[in-house]
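Order of writing sets the chain letters: A, B and C. Residues in each chain are counted from 1.
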Amino acid sequence: MTRFVERHPAWALIVIIVIAVALWLIFAVWPQGLEDAIGRKRVFLNALFNGITLGGLYFLVASGFTLIFGLMRNVNLAHGSLYLFGGYVGYAISASTGSWVLSFIVAFILTALVGVLLQVLVFRRMEGQDLRQTMVTIGLSIVFADLMLWACGGDFYQIQTPNWLIGPVELPLVTAVKSSGEPVYLRYPLVRLVIFAASVVIGVAMWLALNRTRIGMIIRAGVDDRDILAATGVRIQLVFVGVFALGAGLAGIAGVVGGTFQSLSPGEDIRFLLASLVVVIVGGMGSIPGAALGALIIGLAEQLGSVYIPTYAIVVTFLIMVLVLAIRPQGLLARR
Amino acid sequence: MSLAHDARVTVRPTAAVQRSKLRGWPEIDNPAAWTVAAILLIMPLIANGFFLIEIFATTLILGIMALSLMFLAGYGGMVSLMQLTIAGFSAYMVAVFGVSGNANISLGWPWWLAVPMALALATIFGTLGGALAVRTEGIYTIMITLAIGAAFYYFTNQNWAIFNGHTGINTVATPHFWGVNWRADIPFYYIVLAVAALCYFAVDYISRAPFGLALQGVRDNPRRMAALGFNVNAHRVAAYAFASFVAALAGVLQVWNYRQISPGSVSVGACIDILIIAVVGGITRPVGPFIGALIFVLLRTFALDFLVKLGLDGNRFRLLIGLGFLAIVFWSSDGVIGLWQSWRHRQRFGAASSSGRRGQESGRESAQGSSHG
Amino acid sequence: MDSVAQRLSVVGAGAALELRGVTRLFGALAALTDVTITVRPGERRAVLGSNGAGKTTLFNCITGDFPPSSGTIRFFGEDVTHFPPYERIRRGLRRTYQISALFPGLTVQDNVYLACRGVSRGRFSFLRPGQNDALMHAAENLVQAVHLTGVKDRHVAELAHGQQRQLEIALALAGAPRFVLFDEPAAGLSPTERAELIEILTSLPAHIGYIIIEHDMDVALRVVESVTMMHNGRIFKEGRPQEIQSDPEVQELYLGGGHE
């Protein structure tokens, strides 16, 4: 951190100013002039929270994508299919048993199993041929998409939010002050907050696992230099299978989250594949903190964009990607 | 001069065959190619309007798009998923600048102004996208170009001012001059055939010109190309510019073919279809994309009847395409041309000499691998 | 751009290659530390040293494959420190690679043709070379010079190792080289091929200087007039071949550790 400030004082200053403005916008009671100019504070806070929680969802999807890419150089373009598959499995479980938590567990296990099968049966045979692997993932995504369309049809599904999470919760953030002087607090859906907290926990756990455990060290070393893996005498195939299972499983969990937040339908696979691509390009390929930062930026850009410049929301996301590619083509937090 | 001449005489026969194959036009001494050309020329006598447009013109248009990808991927080692997006952009521009049913959007220019404008803008669009993609190497290209393609798709869906949102632009006017309706089946078929032939021969010709050779050098070993005095990234961007122009031509033909353009035509799935066409046909030779396009169009048109006849669900066309694509990727490094060639080779030479060929192929494959590493 | 007189004065005034305080870091690891070398135009020099002494990194800094972390590099008087590789090549610098860096999907002739094209105009030409194309002839002459005429229409992937090494040299001699960096050109060659290599090197026009990295002292000392010893990324000794060979410190170093 201090090194970053020393090296790029101008950037550091910009970042500090942006953070300061954002904090002021969040905590201050907005003056009338500002509300006239850009709308109610409640709208802004809602968009902000939606953006952050959407960022949490994007992180769940993109972290698996980036982990698989970083370790195996496999651009898994079927990652969106795994997301949608996890969502459908979650829907089926929650609809039949009524248990939201169980749907997460089953979705994780089943998508992880698909990931294991893919790695063992397909990708292992074409190690090092990254273009061919990518082609295969494209073929798989088409096959999966059609199979899921076959099985589930073109309907929209939404996973039932459990009772204990339904309803808004009041947050200690003032959105406005009534004429009587009584402050109005922000009310926000509890389920989104819980899910966001869960994705933060998962992210931190992954970061800790990668940085504090032996297997994590091995994986990180493998991301940096694949030859090291062979030299350490680790059973490299086992590590690959494990990472693929974890990455796929995370996509499955994300599918359940997405099915609760939003809805599941054909085409969502492509949407979340694109989100993962952009998040990973922005954050830096193969980097977990990069995926977190990228997911936050893209989630915020999408939600704030759709509130304040509705017709050009997608352009904002895209411009961010262009800007990053132009200034720092390896991504914001990539090591190389 | 004499030195070069003598050297050529001393070359061993196998090498000489290879040379004429590579240097000149391979088609000139190939009766099969002449037959195909003749059939294509007299096609309107053989085929009815449905086959002429829905099968052959559509094949050629998709083939041109896939050809632009083949040029980038086969010669440049850059697998771009945005070639359809460039074509779609060009199609939109024809509709926006030209005449269409959406008078509030279309500017009403005559086609001979709208088309050059569309070609120029689409080429610039593709070149800028390429300039972005070449900032990273190898496999990242796929991700960036796919992101560009997807972004364009969502943008056309959201934007009403220029792209008319998800309904798109309809009843686009097609050219009428010299008393001919050029969108009538037969004239249109010949226009498409002429453009396709032009693109095909242009790509084939350039592959042996300094620009094309240098591009293949960039594919095989970019670092060495820099050490030979080439500006590698400038070369890559120039390749994108050329390929974008080819794709833009296809886009103009496409919007004339369907007379409308909407986000559905530039969806991510359609972008990937172009990759499938090129890979299934084979991405090492310009003829591959056209073969791939023919297979794709035939499947798309007849899969329903075919599947129903087998007692299966007729809607599983995508499944068939996906499985076929997987099979090709698994068993051939060079699409159906590669399968055909190895089959013919086995027929002709038997198993004894096949090992040499395999060695050559694996060498090429490792070269491609290194360019993406 | 410059007039001939200006160019000549520059050449007359200075060195072909002048490195001042060149340092190259990889992360915290210094592959080169404060290297200062001056090579006259036409001078032929060997760089010796054990593995990891920084010899190839030195080449990479000179060509710009990896730019130096600090220090300056002048090529015939011009500061090229921040030039991209291709700009240096266009000014007459050439190099070969320790592990052959060729274009396996192209023929031998096309490989050499590309090398000729890279240092001349028309790199982006859309027109195929005709029968009387000057560069095509230049390429054929080069192919002949490295004894590869018999295989010139073969794909490089099909060539034997020795032939690939010869092609590697041909690529570096295209156009009008003024200074060449040879990175272990003799690696993996048979005795006959070594003799051919020595012949190619000694028959180069006198104005072309070069630096050669070579482990084989027999080859190195027959084709150079000066030697630079490197050790741990630093210049260890410079001098005439005989001085270096008989230097006790060098002998100590070679016998003590890094000898191969």
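Note that a residue touches a chain if its C-beta (ideal position, glycine included) is under 8 Å from a C-beta of that chain, and two chains touch if they have at least 3 such contacts.
Please read these numbers as outputs of a predicted model, since none were measured by experiment.
**Q** Go through the assembly and pull out the chains touching chain B as well as chain C.
**A** Both chain B and chain C are touched by no common chain, going by the contact rule given at the top.
**Q** Of the chains shown, whose Cα mean is nearest the mean of all protein Cα atoms?
**A** Minimum centroid-to-centroid distance belongs to B.
**Q** Compute the distance, rounded to whole Å, between the mean C-alpha positions of chain B and chain C.
**A** Inter-chain centre distance comes to 41 Å.
**Q** How many angstrom between the C-alpha centroids of chain C and chain A?
**A** The separation of the two C-alpha centroids amounts to 49 Å.
**Q** Quick one: report the Å distance separating chain A from chain B, using the average Cα coordinate of each chain.
**A** Those two chain centres are 34 Å apart.
**Q** Any chance you could list the residues of chain B touching two or more other chains?
**A** Touching at least two other chains: 368.
**Q** Provide the residue numbers of chain B that touch chain C in the complex, in ascending order.
**A** 1, 3-4, 7, 10-12, 15-16, 18-19, 22, 205-206, 208-211, 213-214, 216-217, 219-221, 223-232, 235, 238, 359-360, 363-364, 366-368
**Q** Over in the complex, which chain B residues touch chain A? Could you list them?
**A** Going by the criterion above, the answer is residues 79, 132, 135-136, 138-140, 142-144, 146-148, 150-151, 154-155, 158-161, 268-269, 272, 275-276, 279, 313, 315-316, 318-319, 321-323, 325-326, 329-330, 365, 368-369, 372-373.
**Q** Mind pulling up the chain A residues that touch chain B in the complex?
**A** Interface residues on the chain A side: 73, 75, 77, 128-132, 134-136, 138-143, 145-147, 149-150, 270, 274, 277-278, 280-281, 285, 310-315, 317-318, 321-322, 325-326, 329-330.
**Q** Within the complex, which stretch of chain C touches chain B?
**A** Its residues touching chain B are 63, 65, 84-86, 89-90, 94-95, 97, 101-107, 110, 113-115, 117-119, 122-129, 131-132, 136-137, 140-141, 144, 149-155, 157-158, 171, 174-175.
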